[in-house]
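In what comes next, chain A is part of two complexes: it sits with chain B in the first one and with chain C in the second one.
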Partner chain A sequence: MTGKNRSVAGTPATSRTAIPPGTRDVLPEEMRELRAIGGRMRAAFEDAGYGEVHTPALEYEEVLLRGDERAAGARYRSFDEQGAVLALRSDMTIPIARVVATRYAGVDPPLRFSYLAHAWRATDRGVGEPREFLQAGIELIGVPGAEGEAEVVALTVEALNAAGLKRHRVGVGDGQLYRSLLSSFGVSAEAHMPLLETLSRRDLVGLEAQVSQLGLDDAKRELLVRLPELRGGRDVLDRAEELPGGGAAGAALEGLRGLHDLLSQRAVADRVIYDLGMVRELGYYTGAVFEVYDPAVGFTLGGGGRYDELIGRFGRDLAACGLALDVQRVHLAQAAEEALGAEEPA
Partner chain B sequence: MTGKNRSVAGTPATSRTAIPPGTRDVLPEEMRELRAIGGRMRAAFEDAGYGEVHTPALEYEEVLLRGDERAAGARYRSFDEQGAVLALRSDMTIPIARVVATRYAGVDPPLRFSYLAHAWRATDRGVGEPREFLQAGIELIGVPGAEGEAEVVALTVEALNAAGLKRHRVGVGDGQLYRSLLSSFGVSAEAHMPLLETLSRRDLVGLEAQVSQLGLDDAKRELLVRLPELRGGRDVLDRAEELPGGGAAGAALEGLRGLHDLLSQRAVADRVIYDLGMVRELGYYTGAVFEVYDPAVGFTLGGGGRYDELIGRFGRDLAACGLALDVQRVHLAQAAEEALGAEEPA
Partner chain C sequence: MSDRLTIAVPRGALFAGTLDLLDTLGIDTAEVRSNDRRLLFADVGIVTMRPSDVPTYVEHGSADVGITGKDVLLEQSHRRVYELLDLGYGQCEMVVAAPGRGDPIGDALRRLGRVRIATKYPRVAAEHFAATGRQAEIVEVKGSVELAPLTGLVDGIVDLTATGKTLAENNLRVVETISACTARLIANPVAHKLRAGEIDAIVEKVRG
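Let's turn to the complex of A and B:
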């Protein structure tokens, strides 16, 4: 029997059974693999002392916006019985910041939390964007600076090892570097956002055109155009300093060199790509930012960074740093690695 | 530092960090136990050939309402970018019925699916009702009658064994029995709903008062009042038939006797309580209904039943039967059993 035989009130069968774009039904064969990958990452986090937490999918929108007011339009909103606005969480970092400030208000840091949970985002940013995604992630609370960042990057590499990946890389940048250069060069705050948006799209040609219109001297213009092109091993940190005017980036580069030393001690430095043009779109990052790649696939597997001011918005000032991986994308990367491995025997 | 020190724009700290009533933050110690219990039930389902599926949390409301139009008001609704109404699923049975009719349209039954997923319901039905809950459940598609029901009940008992429970029981009733008696006694359809609502609240005193006003002869009135009081082992099926007018329930009782024989063969009959007053509130049940209890706690752990018309609403006529367990309640029952066990050494 086909759906057409049972059509009700003229509704076509497809719309009677359709699911929203950006969502999917996961069937048993794939589900087994997603469970296995998620479970292995969760175990890696747990073994490293990161206890799993779960928070409500629906929270008061007012509370979530306290964490990141720029995310306002991108949420699914509903109402409770009293008319208060509820929203679906768009990440787990903001809810965990709330949990730290409330349920752990009297507990001394450091605190280590993990999660394996769904989050939801509006798909107006582009066709094919997922509306719902399963994230595996960690939050390290109360360990400031490079020490915290090195722990988060190293555990990310380890969790992806556990998930069966072999070619994964973590991109590391400084989310404040470009902003602080613009400020120190006297570029007005209103002009920052279009530049940062172009940069976050990795549109280096467009960036050069925009930078040329800022009316800066040659050395400053050259630095703003060349710095985001630098991407690679530790040597890019030295090459950045050698750029004309590169001294202006000195403090950020010094911070990344310190992080590199700690990553070397943890034997994961060969997994890291320094990327001086990296800008993460979430508003709460205050320092180092991370993106996770696998050369077998053309999309990022996840990302994160340092967010030293977020937990304070819920009432407790604590430095923090975290990273989230998209479990479905990790699964696709693992399958792609296997396919490539079959093509290129070792 | 307390939250008050950082109060923003006069907002009290509690409302700045509150979560909606009926939701909760789950911290690592409890989360480990919930993961363990959910994982053991999932493994029991998988071992029995029930492959896990996952469906989107947000679906088109129109599609969900096709499964159960009575659930209309109880959902969290939002809008997509085109203005279509999206709703959070309130169970997994309706989405899986949709999946069966679409993704498995050409696959011969029987089909066996399981899930471990959150669902959401409005809390207007009472204070303390959860708004979000984690369900572990199974759906058996294409096995009609007592054979399907026995498989679902037996696997439920086994999954709860795996979760560590020892005292669990499954209540079994016939969701159509009371309705069909009312119809055969000539009670108008409009009068059914208030009676069924009183019965679903287990308010046998209120039920007797309502039945007395129907103007029925003594035998019929007696049957409608006495039948829902019958609850126990297989002997209640015989006692029901011996009630004045009990012959009217003969077909339903014969069906439950057949189910009892199959449950005996599966060695789970001692776990079953026949309950002739059981009415499940979900609108799609067409035959046997189930509720799961544990004497260590005062709430049901889950429920389900036979829904032979639901999948047809999505385009494929197939008999089906399923059951969902609330993972948090199973955890509470397990903890309560342990506490009782410590008090009453064997």
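Let's turn to the complex of A and C:
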């Protein structure tokens, strides 16, 4: 026997041996690879000054709800012996916001934290969708604006380099852009949600139909339909400004240009795709939003953004931004990269 | 693994219209047209499949973009794919149809408190009846839905119809229209970012 263990196809799982949908067992060969990848990302975070933290898997639901009105989607609940509602955390961002406001109450920012931890999310989608996943992520607290965002994006690129990826890209958008355009065009607040929901699914056909029912003039309608189609290098920021009515997006575009300059200084600007239609689903983002892509994987590897109000809800008013990567998806991309390298030796 | 953009092409009712569209995009479809059984045409970046599989391949990134009917997208609304364009062809309607001249659906609801509906689109049907405040028992069938009410299996059906001919031949008539459906261009979310140039070139060419 070598170190390679092999699972044996044995008795089929019955209700007495099954595991919940969306969860999985990890056997030694995969575990070794996951550990290696996680370890390399963790080292990249530590080297950049992001100390690793760990928090309880179970939190009081009330605490998660304080961070996000939907508790960031934490849906696995239980009761403790006093009858308090406990919930499995659905991300590490809310628990770390709690830690910053309580355990670091007297410490001057900036604060930098990393984690390699599981989170749980229920899903209405098919049985194949994971409900328990391992995240590697960072949170940068007390560095506002583009300065903080550039640091987070650059470190993400670096951590994925360390994990063995070569072709990854970080998508950067402004999570408030579309919302603020709608407000400035006088679109009623009730009409925002259905539009943003359609946009977050990138149902561009549906979006165009919904926008044309708002009764806006041609230039505004055109902008709301065309802007979400723009994604690419820095030139899309200029192209957005050139759209009819594009001036309305001026402030957000200026912010992204500023971020671009900082990313250039950190030599990662060519790894970034600006995406003017990006809206992340989580409710606590207040500005820049991020997504991570690799051509080998059809799904995003992770995401994040700026959340300047979250920590304030726990009692310390601090700007912050962060990003989380799904380690298993990073593993998929790394395995594909490895296979590609074997195919065409340099 | 080719560097070409991979397009998922639906066989069936949308096949001819889709190949015509690909021709206008400058993609050589001659081989696809002359080859009924092959599924993968790597040199032109085309994979052919049944329409309901298109969102699956596109969601997972095995195809970068794809073409399928809005009916399929409505039924598979949980798939994470981007809907980029209404291609205009393949027009048809998702309808509720019932047999005979009376009102079997209304009768069933009034007397039995629920209606039985056969369909290949269980989610669309369930959502439509729920949204209109009626209790429905959805019976999923795989083959010809028109048979189900004729044999007394159900009171009515939810199905896609282009001309209404098959419905009429089976003594069924449209009692409600749920939505109009056409062919749509969809994209994988990651490809939509990483291959933005190539995808936009297609979108612009189709828009003309």
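The rule is simple: the second predicted complex is superposed on the first by the 319 of 346 C-alpha atoms of A that agree within 3 Å, B and C clash if a C-alpha of one lies under 4 Å from a C-alpha of the other, contacts with A are read in each partner's own complex, and residues count from 1 in each chain.
As a convention for this text, a residue touches a chain if its C-beta (ideal position, glycine included) is under 8 Å from a C-beta of that chain, and two chains touch if they have at least 3 such contacts.
None of these values were measured; they are calculated from a predicted model.
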Next item on the list: Identify the partner contact of A:Glu81: answer first if only chain B is touched, second if only chain C is, both if each is, neither if none is.
Entry: first
Check: A:Ile273 contacts which: chain B (first), chain C (second), both, neither?
Finding: second
Next item on the list: Please determine whether it is chain B or chain C that touches the greater number of chain A residues.
Entry: B
Note to self: So in the superposed three-chain picture, is A:Leu58 touching just chain B, just chain C, both, or none of them (first/second/both/neither)?
What the structure shows: first
Next item on the list: Go through chain A and flag every residue that touches chain B in one model and chain C in the other.
Entry: 124
Note to self: Under the stated contact criterion, what part of chain A meets chain C in this complex?
What the structure shows: 124-126, 169, 171, 201-206, 229, 231-232, 273, 275, 291, 293-295, 297-300, 340
Note to self: Under the definition above, what is the set of chain B residues touching chain A in their complex?
What the structure shows: 1-3, 5-6, 8, 13, 15-20, 23-29, 31-32, 34-35, 42, 46, 51-60, 62-63, 66, 76-78, 80-81, 84, 86, 88, 95, 98-99, 101-103, 105, 113, 118, 120, 122-124, 131-132, 312-317
Item checked: chain C residues within the chain A interface of the complex -> 1, 59-62, 78, 80, 82-86, 184, 188-194, 196-197, 200, 203
